[in-house]
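Labels for the chains are A, B, C and D, by order of writing; each one numbers its residues from 1.
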Amino acid sequence: MDFFYTYIVLAEIYVLLGLSTNLLVGIVGIFSVSQAAVFGVGAYLTAFLVMQTSTPFLVAVLLSSILCIGLNILVTLPSLRVSGDYFVVTSFGIQLLATAVFTNWTGGTGGANGLPGVPAPWIAGHEFVEPSEFAVLATGGMALGCIAFWLIMRAPFGALLRAIREDELAVAALGKSVLRAKVSAAALAGAFAGSAGGLYASFLSFIDPSSFDLDASIFLLTMVVVGGARTLAGSVIGPFVLLALPQILALIDIPSSVAAAARQLIYGLLLIAFMLFRPQGLLGEKL
Amino acid sequence: MSAYLQVEGLNKSFGGLQALRDCSFTVAQGRITCLVGPNGAGKTTIFNAITGFLVPDTGHVTFQGISLDGRTSQQIVRHGIARTFQNLRLFVDLTARANVLAGMQDHVGEEPFTAIFRPFHTARALAAKQDAAMAVLAHVGLAAQADMLVRNLSYGEQKLLCIARILATGAELLLLDEPTSGLSGAALSDVMALLRRLQAEGKTLLVVEHNTRVVQQIADDVLFLHQGHLIAQGAPADIIADPKLAEIYFGGAI
Amino acid sequence: MLWLHLLVNGLVWGCALGMVAVSFSLVFATTKIFHVAHAAVYGLGGYLAWSALKHGMPEWAALLVGIVACAITGTLIQKLLYERLDRRGATHLVILIASLGLSAVMQNAVAAVYTSNVLQFGLPWAARTTAIGGVLLTTAQMLTVVAGILSYLGAMWFAHRTVLGKRMRAVASNPFLAEITRLQPRQVHIAVMAIASAMVAIPGVLVPLDLGLQPFGGVPILLTATIAMIAGGVGSISGAFLVAVGIAVLQNLSLLVIPGEWSIGITFGIFVIFMLFRPRGLFAG
Amino acid sequence: MLRISAFALAMALALPAWAQPIRLGAVLPLTGPAAVVGTQEQRGIQFAVDEVNAKGGIGGHLIEVQFEDNQAKPDQSVLLFNKLVDLVKVPVVFTGYSGPTLAMAPLATRKKTLLVNGGAQADALDKASPYLINTIPVLAGELEVLADYLFGDASKKTAAVLYENNAAGIAGRDDFVASYTKAGGKVLAQEPVQFGDTNYRPALLKLGATNPDVLFVIITSGTPQLADQVRQVDAKYMVAGNTFFSDPELIANPNAEGFTHTQVLINAPDGMAAAFKAKFGTEFDFFPKQYYNATTIVLSCIEHLVKAGKPITGEALRTALLEIKTFKGITTTVFNTNTAATQINMNRLTNKTDTIIKVIPPK
């Protein structure tokens, strides 16, 4: 059942990304469309570390997460200066800039050719090469992410973030540092995205810029919105549903020459229907 | 001897509009001072200047002998000054209790590191704060509404909650921006009773107030602001009796 | 001489980009909707004109078909989707996602009907060249310049001289006030969507005349146009148009000093830095 | 429910073995920008399969192909590959595009499933997996022929390069530059264009300013627009390319007069091209031809196994393919390794026809 395990692993990696996106977009209200760029940096750095410097897998993922913490703070900083729709466009810009770097910095990323041959994780003498084995790792990673998310949301930090989303000025008037809270949230989102990147590169063994482009960022947003913004359950269910959706749509019998386009069309219609009739997603709160 | 709160020579202009001009006054400890004046007189601008939400062009604010110039709103709350907003700015999608908790200072786990790595410590500390938050709510008479979403509270209850939220910060000087506006009957007397009770407990209140009857009943001192300038101050009876001020206030002489 | 060629080429492309930017700006400033599906409307115009042409219509009629069809599409999008979402109190994020969904629907419908192949208009006159000041321009390019300048002037005239345009600007600056002063923002929104969609159909037909039709071709153009709109200052028609031309010229001239693969990255990099220092745009007050 | 299954079982047992179809898989970009190529590849496969099925299939087995859309993304490719192998139990998966193929290659090795690539030409594909069969030579071989011809026969001593900024284009650029430099030529400049962007003017202007003898172009689509724009900038240089120039729309474009290119030999009889156009409404281009050829190669391996009464597995197919070695379909394809060698021609577009000017037999 490699297909099933592959689905599980990819969905679990996307759950980590969903948590990252949900934290910024859903909970703090920073409308970022560049989370895939941070994800990509995590993936490329892990690939580089395990391939070029033989860093152990877990250390490489840890280092990638740390770099992505810094990077995500950096790309989120403009949101402190420009608000709302302006930040969306800035964020678009950051994403496109990142894609240009992934595609053109051939020395570092393999460029458009991508980076093949990322080795499977090797932990304590065991190689996690089969999808069923990797699923253990991915489940562990997802569980850690979910626990962290859950702990945050029930701690005063979660309440502070929710308050910021509602009214930054009021939060400041209560003697809290909005800046510090936003930076902390961005850091956390960066750690989630970075570790997801590390898992992704090691699982697929091949990465190229197409996994980290604007489409991927939009896919992340869609996952959060369809699953449900601002809740843990929403972040978890979104990736599982959206990754399964093409497989479900494939069951609809359409003449093969237009099948793929027709399925994407249905996918678009579903998005519209969700926004019209259930903007809180499957298990979330209203955005 | 310096005053409890001293405001000296504040000037602030927005583009061509002079919102504050050479505005100076003092507020005495343990008293209720009402800030009155027609719309656009600069009352909220003074609040903003005292609480660090805007930087005056010139002038100084001193609180208990400490200069507040250049302090952020966050630091000013830590010095013991907190304010409400005319348009409330409550967190309407959170419960009343969560709003009060948001006002409390020094939470354990208000940053991710402790929240994640010391979850039990965080949870214990939060449980203790819950009790304190309930006490504050009970104090303003909202204990029964603690777990209701703010958007479902009545306007009067929301007004009380605004005060509860800044009480939770532990501030000694409370700046209230029109705490009674839009209220009447029981809700109005609830708020007025609360203000007196707070004074009795030793808080100092600076209140922007439009209702002259309220001013007469609660104010110890009145500051009269007109076109960004402090034009009169004194006991409420004196200010309200002054025909020139009444002319400005009601006649809209601009 | 290379710089002159690149400059002229940038100006031509800038006129096409400018039309997209100005039309997007009209929508965004008035409705505050990040109308991503504008890219799909742009694409639709070209395909419908192509169909009209293949059914034997004369060129001008085909262009008209594209413009009218897009105007109708824009109206329907506003009435059937955005207005409903707005009535349900949808936030900007929700509307943006719906717009992305609509964009996917429209582009894939086009791909299903017309295939994903690059389609050509195949009009020999469009590719015929004329030398102007030592630079060879195709008829399609010259048409683009003329259409771009006329569209810009038309948009300026519309916004500042017509009753609807004045209402549009009033709604843009204060929707609440417009509501209570009976400017009927809903109707203004629909009118603006129709006009902007008609306007984006012009480059939607003229650009493919030169470069061919692709179902997924509109998105990169729209993104660049968005940047022009924001950098030019939201609501400023001149800002959107001039910055669009500026970006196109800059991207072309940048080839003189840097390899082409970095020109997009650098454009967006400059934009991000720009947003940090002048978040309200160049031409905004 | 039970009755239906019992009935199905009875049907399966009652019917002779020939009624069971042989299922193959294909993972191609069918939506998104890359669909321009992916859908053409799909049509090529479908055309070959329909042709065999019209004749009654192979040894009585009809052939079915399950097409999956990966949008040219590696993660989707891996997921869909596993789906086809696990759930549909296909022995063969057709693929295109270097990135997705490289992502699936390790899986092909582990699962002993034949991965058949008929369109991507990045050099890394040559050694990615023993189970990856490339029915088209990698670019290096083809461009070596072109570089030698340009420097030698055509005595073009300087060149500029216009390439698509993706895996295929970058591989082409690097291979051409290496071969052309080795032959003694000088590469003056290189410029990329974004995939799907048909505005080549800025790059053409910049490259033209270096006054090269020849412009080498490697782009997968949009060649007719390129011809128009080359004519427009009044180019004095020769334009040379690879097999991608054998696009019927380019050949029909008068502005492409004199374009010279290598051609991985692949000729379809006129009747076949017409039948294809009648069926799908699009031209029998390079990619459909290549995938038609790739599919016929796979089908003849299947036929070989069916005749020998062997089970059709990826491993058996691979063995059969390397045993049969030479396939004489619409073009002769020789497998000395898992990457095909085919005859390469030098062609020139003249008077709206693609004319062979030199033939280079497979090495």
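Just so we're on the same page, a residue touches a chain if its C-beta (ideal position, glycine included) is under 8 Å from a C-beta of that chain, and two chains touch if they have at least 3 such contacts.
Source: prediction; values computed, not measured.
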item	value
Chain occupying the middle, per Cα centroid	A
Chain separated most widely from chain C, comparing mean CA positions	B
Intercentroid distance (Cα basis), chain B paired with chain A, Å	42
Centre distance in Å when chain C and chain D are each reduced to the mean of their C-alpha atoms	36
Length of the line joining the C-alpha centres of chain A and chain D, rounded to whole Å	34
Length of the line joining the C-alpha centres of chain B and chain C, rounded to whole Å	49
Numbers and ranges of chain D residues touching at least 2 other chains	31-32, 35, 39, 165
For chain A, residues contacting two or more additional chains	103-104, 261, 264
Residues of chain C whose C-beta touches two or more other chains	108, 111, 116, 261, 264
Chain contact graph, described as a line, ring, star, complete graph or other shape	other
All pairs of touching chains, each written as two labels joined by a dash	A-B, A-C, A-D, C-D
Touching residues (chain side chain A, partner chain C) in the complex	25, 31, 78, 81-82, 84-86, 88-90, 92-94, 96-97, 99-101, 103-104, 214, 218, 221-222, 225, 258, 261-262, 264-265, 267-272, 274-276, 279, 287
Residues of chain C that touch chain D when the two form their complex	1-2, 5-6, 9-10, 13, 108, 111, 115-118, 120, 127, 129, 136-138, 210-212, 214, 216-217, 220, 251-252, 255-256, 259-261, 264
Contact set on chain D toward chain A in their complex	30-32, 35, 39, 42-43, 46, 67-69, 71-76, 78-79, 82-83, 85-87, 98-99, 102-103, 105-106, 110-111, 122, 124, 128, 165-167, 169-171, 280
In the complex with chain A, residue positions of chain B that touch it	51, 53, 73-74, 76-78, 82-83, 85, 89-94, 98, 101-103, 105, 107-112, 114-116, 119, 122-123, 126, 129, 165-166, 169
Contacting residues of chain A [partner chain D, same complex]	1-4, 6-7, 10, 103-104, 106, 111-114, 116, 129, 131, 200, 204-208, 210-211, 215, 243, 246-247, 250, 256-257, 259-261, 263-264
